[in-house]
Amino acid sequence: MTKRLLGRSLLAAVLITELVAGCTAGGTSGTQTGTTNSTGAAPDTSLKTALQTDIATFDPDNNFEVAGLGAILAVYQGLVAYGPGTTKIQGLLAKSWTVSPDGLTYTFTLRDGVKFGSGKSMTSADVKASFERRMSSKFVLNYFLAGVASMQTPAPNLFVVKLKSPEPGLLDSFCSPWGPKIVGPDGLGTHKAGDQSAAWLTDHADGTGPFLLSSFVRGQGYKFDRNPNYWGEKPAMSSVSAKIVPDIGQQVLQVQNGDLDLVQHGYPFTQLASLPAGLQVEAYDDLGLEMAFINPTRNLKSAAQRTKVKAGLNPAGWINDAFGKYATPAKSLYPSAMLTPAKPYQWPTASSVADVAVPPLEIGYAAGEAGVQQRVADLLISQLGSVGIKATARSLSDAEPSNFAKNLNKAPDIFLAQNNPDSADPGSQAGLFYTTGGGLNIFGYSNPAADKLFATANATVDIGKRNALYDQGAQLIFDDGGFVPLADVKDVIVHRGGLKNFGTKPGVPWNVDFGTITR
Amino acid sequence: MTLPAGAVKLARRPVPSLVRSSHSGRVRWGDRIALGALLLVTLLAAFGPLLAPDDPNARVGAAFQAPSAGHLFGTDDIGRDVFTRVLSGIALTWLPGLTIIAGGVIVGGIVGLLSGAFGGWIDTVLQRLTDLFLVLPATLIAIAVVAALGPGLVNSVVAVSVFWWPWYSRIMRGEIKTLAARPHVEAARLAGASRLRLLTRYLLPGAVPAMVVAATLDVANVVLVLALFSFLGLGAPAPSPELGAMSARSLESLTTAWWLPIVPAVVIFLLAFAANVAGDGVRRMLQSV
Amino acid sequence: MKRFLLLRLAGLVGVLVVMTAVVFVLRQLLPADPARAAVGPNAPESVVAAKRVELGLDQPLYLQFGRYLDHLFLHGDLGQSSRTSRPVGGDIIGALPASLELVVAAVLVAIVIGLVLALGELLLPWAKPIRWILLAGASAPIFLTGLLGLLLLWFKWHLLPGGGRSGLADAPTGPTGFLTVDSLLAGRPLLAWDAVQHLALPALTLGLPMGVAVGRALWSSLLGTMRQDYVRTARSKGLTEGQVVRRHALRNSAAAPLSMAGLQIGLILANLLIVERIFAWPGIGLYTVQSLGTDDLTAVLGVALVTGAAYIVINALVDLAQAVADPRVSL
C-alpha cells in the first residue's frame, strides 16, 4: 500500500521537484524533495504511500477489501466511528444518538455544518438515500442493514432507524470500516444513470471526509487532495498519493530509498529489528487474530488427534521467531482488543499425546497473506515435526477457502489466517467463524453446545453477559480443537521523515488515517 | 486449422540437420569437460540431498546468518541452512527438467516419425496439430493451466510437457524426410525392405544424433522455464526447497540479506550454463564442425 | 500475398477458439468459486447465490461456453474480472500502454545487444570471449538479472531508479499512454527523462535474453553468408570486412535472427510477468500476476487471448519483414 502525495499547489515547487528528479536518478527523488524543503520552499505536505492491490471499487457499498480502506475512509464517513486507538463508539456525522428501551429504534442527531466535497450540505435525506442504496441487493455489503425495518427523517438533522428485531451489535457494525457510509447528492442523484450510480462511484467519489478522490488510475495509483469543504479540522497533508506496488519487497526498497513515506502494512517482521537509519516503526493492535482453522473431516477426525496438533501449534514455541516483539500469544479465540477470557486456555503438552498417530498434514494459507503466513507455516512445520507430525504448506488463492466445504477431503488440514471481522463486537467474530454455517467457518465445523451459547448471546442486550456467553462458547471450541488461536499480532507501519499521529484503530486494520497524520 | 509453413519456426535454437555429417570429428577436451559437468549435475541432483549437511526443513540456528564456514550459503529467514536447501533444490529443478525433455523426445519423436515415415493425410493431420501447439504462446497458457489445476510440481511438469513435444516432432520429421530421400535408403526400399525394417534399420538410427543434440541444447531452456514457474509460486508447495520459489520468497530481504534471493538464482544460472556449454559441446562432437 | 494474409487470419481465429476452449475447460476445474470471489469472504450465502445467477454460473456448461464465445467474438467482451469487478477487456486496455512501452524499449535494447554481440564476435579478433557472454546471457534466469539490477544499479549505486514508471505523482495519463511520449507532448522534458530512466532497468532486464538469442542467430547466419561466392567477390573488390558485412551480408543474413526475434516475443510475454512484478511496472504482466494470486482465471484467460493474438500477429509481421529483407524468402 503506497500513497503518494505531492503538493502541486505551487507550480514552482513542482518544477523544482522535477528538476531534482531529472538531474539525479529518479530513484532518489523522494529524498530530494525533502531537501527542497530545507532550502526554504513550502513545507512538504504531501504523503506518498503504496497499496499492494488495486482498489477494486471505490464504492463504499461494494468494497469489501482491507487494503484500500484508509483511502475510502479518508473520503467517506459514517454516522459513528471507533475512537482513535480504541473500540469505543464515538459520534462522527451524528453528534449524538439514542436507543429505545426495546432496542428497536435508533435516533441519530446529525452534526451541523457537514458538507460534501461538492459543497452541498448534508441532511437526513442524504443519510436515508445512502442507507436505501446500501440496502439494495445490488450491493455486496447490503447485509449490514439487513435488519432494518424502516427509516424516517423527521427533521433535516434527525435520522431514525427502526429494526425488525434487537441488534445489540448494530452501532458496532456502523463503526465498521465496511459499515454504511454517507454518499452525497452528486454521487446518488446526478450520476444515477439507471444503476444507482454503481458505475460512476466505482472510480469517483462524493463523500464528507477530509479528502477528495482526485485521480483514480486503475492498476497504477490514486491521488487524494484536501477537501476544501471539510467540516472538521483541516488535515495537515494537502495531498496523498497511493500507487500500486504489489510486491512488498519493492515497497521495502522504495521506502528505504525515499520513494515512499510509509509502508502501511506488510513490512516483513524479520526486518524490523535491523531497519536502516531514518526509518521508524509504529505498531498498533488490530482485530485480526492469527488463527489456525482445523479441518475435522480429513486427517484429524478424532479429538485426540486435534489435541496433538494443538500441542504442536502452541505459539509459545515459535511466536518470537515469527514476529519478534510485535506479537503476543493469543489469549482466546477473540482478539485481545475485543474480549478478555474469564479463564486462561489450557494448552496440552506434547508428552500427554505422544502415542496418538497423526497422518502427514497439509497446511494452507491465503496467497494474499503469504508474506506473513508462509513464515508462520514454515515455523509450524518445524515445530509439528518436533512432536512427530509431518506437514507441508502451500498458498491458496484468496477465494479458495470459501469453497473448502464442497470437498473437505481435498481441503488442507490446517488453514492459517488473520481474518478481520466486520467490527469489534464479539458476536461478529463468533458469527463469522465459530457458529455452524458461519460465513468463514470454512471447514464446516459444528459444535451444538457452543451454537446454543452463541444464540443466547446474540439475543442478550447486557454487554457483560453477552461477552461471558461468547467466551464460554469459544472455550468449548478450543477444547475440542476446532479452531486454535495463535497470536495477537500488531499491525506495523514503517515510515520515514518523522511522521506522527497515524490515527490507527483496532477496527480499521492495515491502514492509517490520512486526516490526522502529520510530519 | 491451416497455417502456411512459414508460420511455424523452430521454437528454440536451430539445429541443423545432421544427416550429412560424418561422425569422425575431432573431440575437444573442453567439450568432454562440459559433458562431464552435465553428468556431475545429474549425479548431484540424484544424490545431492544425501550429501547435505542438514535436514532441508529443520531450523539449525539463528535466522539470517551471513555465509560462513558453518553455513556455506548462510541461513534463511527462519534459520534453515541455505546450502542444504540449495542442494535439495537442484534435484527439484533438474530431474523434472530431464523428465520433461524425455517426454518431449518420446512423444515428439513418435509423432515426427509417423508423420515423416507415412506422409499423406497422416502427415498433414499430425503436422497441423504440431503447428497449432507451436503457434500458441506456450508459456502463458501453461501458466494458466497450472493456475487452474492448482500449483504443484507435478502439475507444472504436466503443463510444460504438453507444450514441449512439438519441437521434437518437427526435427524428427525433417530428419526422416531427408534420410528417406538418400540413395542407400532408396536402394533398400527398391530391394524390397519392409516399411518396419526401413524405419528401424535406416531411418530411426539416422535421426538419433539430431534428437540428442536438440535435447541437450534444450536442458537449459526447460530449467529456466521451470524456474520461472517456481518463481511465480506455481511449483512444489512449501517447505519444499525449490530454487525459484526460494528466490521469490526472499525478495524482501534483498537489501538486508542479499544471499537469500541471489544464491538460488545464481545456482539456476549455473545449471543452465552447464547445460548450454554441454549442449554446444555435443553439437560440435556430433556435427564435427 | 492475399492468400497468405487470409490463411493467417483464419489461423488466428482458429487458435483463439482453441485457446478459449482450453481455458474455458480449465476454468471448470478451479477450486475457487468466482461468485464468492466477487462478493468477498464476509458476505452471507444468499448474496453469493444472487451473484452466481448474475454471472450465469447456474447454467449448463455448453450454455456458459456459448455465452462466453458470443460475448468474446460478437462484442469483444472478455468477461468480468472477479478481482477488479470490471470488464477484463477494459482492464487490459488500461494496463496495455505501460507494457507496450516496456516491450518496445526492450526490443530496441535487444536489437542493439544482438547487433553488438554478433558483429563484435564476427569482426573483432579479440572478442572471442563474446561466445561466453552469449552463453551466460542465455543461461541467466530473468529474475537473477532483475534482482542484480535492482540491488546494484538502483540500491547500491543509485544509477537508475528501479520501481514504477515515474518518480513523480502528477504524471500525465494520456493521450498515448506511453509516459515518455505523453510527457513530451505535455511539454515536460524533465518528466520524460525521468520516465526514460525508470524504463531503463526493466527494459534492459527484459531485452537481454532476446538480445542474446538474436545475437546468436545473427552470428551463425552471418558465418554462413560470409562463405558465399558473392561475399568473396565483394572482398576481392577491395572492400573492408566491415563494409562487406554492412553492404552485403547483413541483409542476406536477416531471416534467421528475425524469426528468432519473433519467437522471442513469446518469451518476452512470459518474462513480462516476472519483470513487471520485480520492478512494480503497472502493465499486463503485473495485472496477470495479481490475477493469478486471486484465481481470477477470467482475467488470466483474457490476457492469454490478447497476448496470444498479438504473438501470432507479430510473427506474421516478422514473416513479412523477412520477405522484405531477403527477396529469396517467398510467402
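Per-chain numbering from 1; labels A, B and C assigned in written order.
One rule holds in what follows: a residue touches a chain if its C-beta (ideal position, glycine included) is under 8 Å from a C-beta of that chain, and two chains touch if they have at least 3 such contacts.
Source: prediction; values computed, not measured.
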{"item": "A-B or A-C - the one linked by more C-beta pairs in contact", "value": "A-C"}
{"item": "Innermost chain, where centres are averages of C-alpha coordinates", "value": "C"}
{"item": "Approximate Å spacing (C-alpha centroids) for the pair chain B, chain C", "value": "23"}
{"item": "Intercentroid distance (Cα basis), chain C paired with chain A, Å", "value": "37"}
{"item": "Whole-Å gap between the CA centroids of chain A and chain B", "value": "45"}
{"item": "Junction residues of chain A, two or more chains touched", "value": "247, 250, 253, 256, 367"}
{"item": "Where chain B touches two or more other chains at once, by residue number", "value": "233, 251, 254-255"}
{"item": "Touching two or more other chains - residue numbers and ranges from chain C", "value": "31, 150, 155, 278, 289, 293, 295"}
{"item": "Complex contact set, residues of chain C against chain A", "value": "31-34, 36-45, 47, 50-51, 82-86, 91, 94-95, 98, 150, 154-155, 158-170, 173, 188, 190-191, 193-194, 197-198, 277-280, 282-283, 286-287, 289-290, 293-295"}
{"item": "Sites on chain B touched by chain A in the complex", "value": "57-59, 63-64, 77-80, 151-152, 233, 237-240, 249, 251-256"}
{"item": "Parts of chain B lying in touch with chain C, wherever the complex brings them together", "value": "1-4, 6-7, 9-11, 13-14, 132, 135-141, 143-145, 147-150, 220, 224, 227-228, 231-234, 244, 247-248, 251, 254-255, 258, 261-262, 265-266, 268-270, 272-273, 275-277, 280"}
{"item": "Chain B contact footprint on chain A (complex, rising order)", "value": "247-250, 252-253, 256, 268, 270-271, 274, 276, 321, 362, 367, 370-371, 374-375, 377-379, 381-382, 385, 392-395"}
{"item": "Footprint of chain B on chain C - complex, ascending", "value": "4, 7-8, 10-11, 14-15, 18-19, 22-23, 26-27, 29-31, 135-136, 138-144, 147-148, 150-151, 155, 213, 216-217, 220, 256, 259, 262-263, 266-267, 269-271, 273-274, 278, 288-289, 292-293, 295, 297, 300-301, 303-304, 307-308, 311-312, 315-316, 319, 329, 331"}
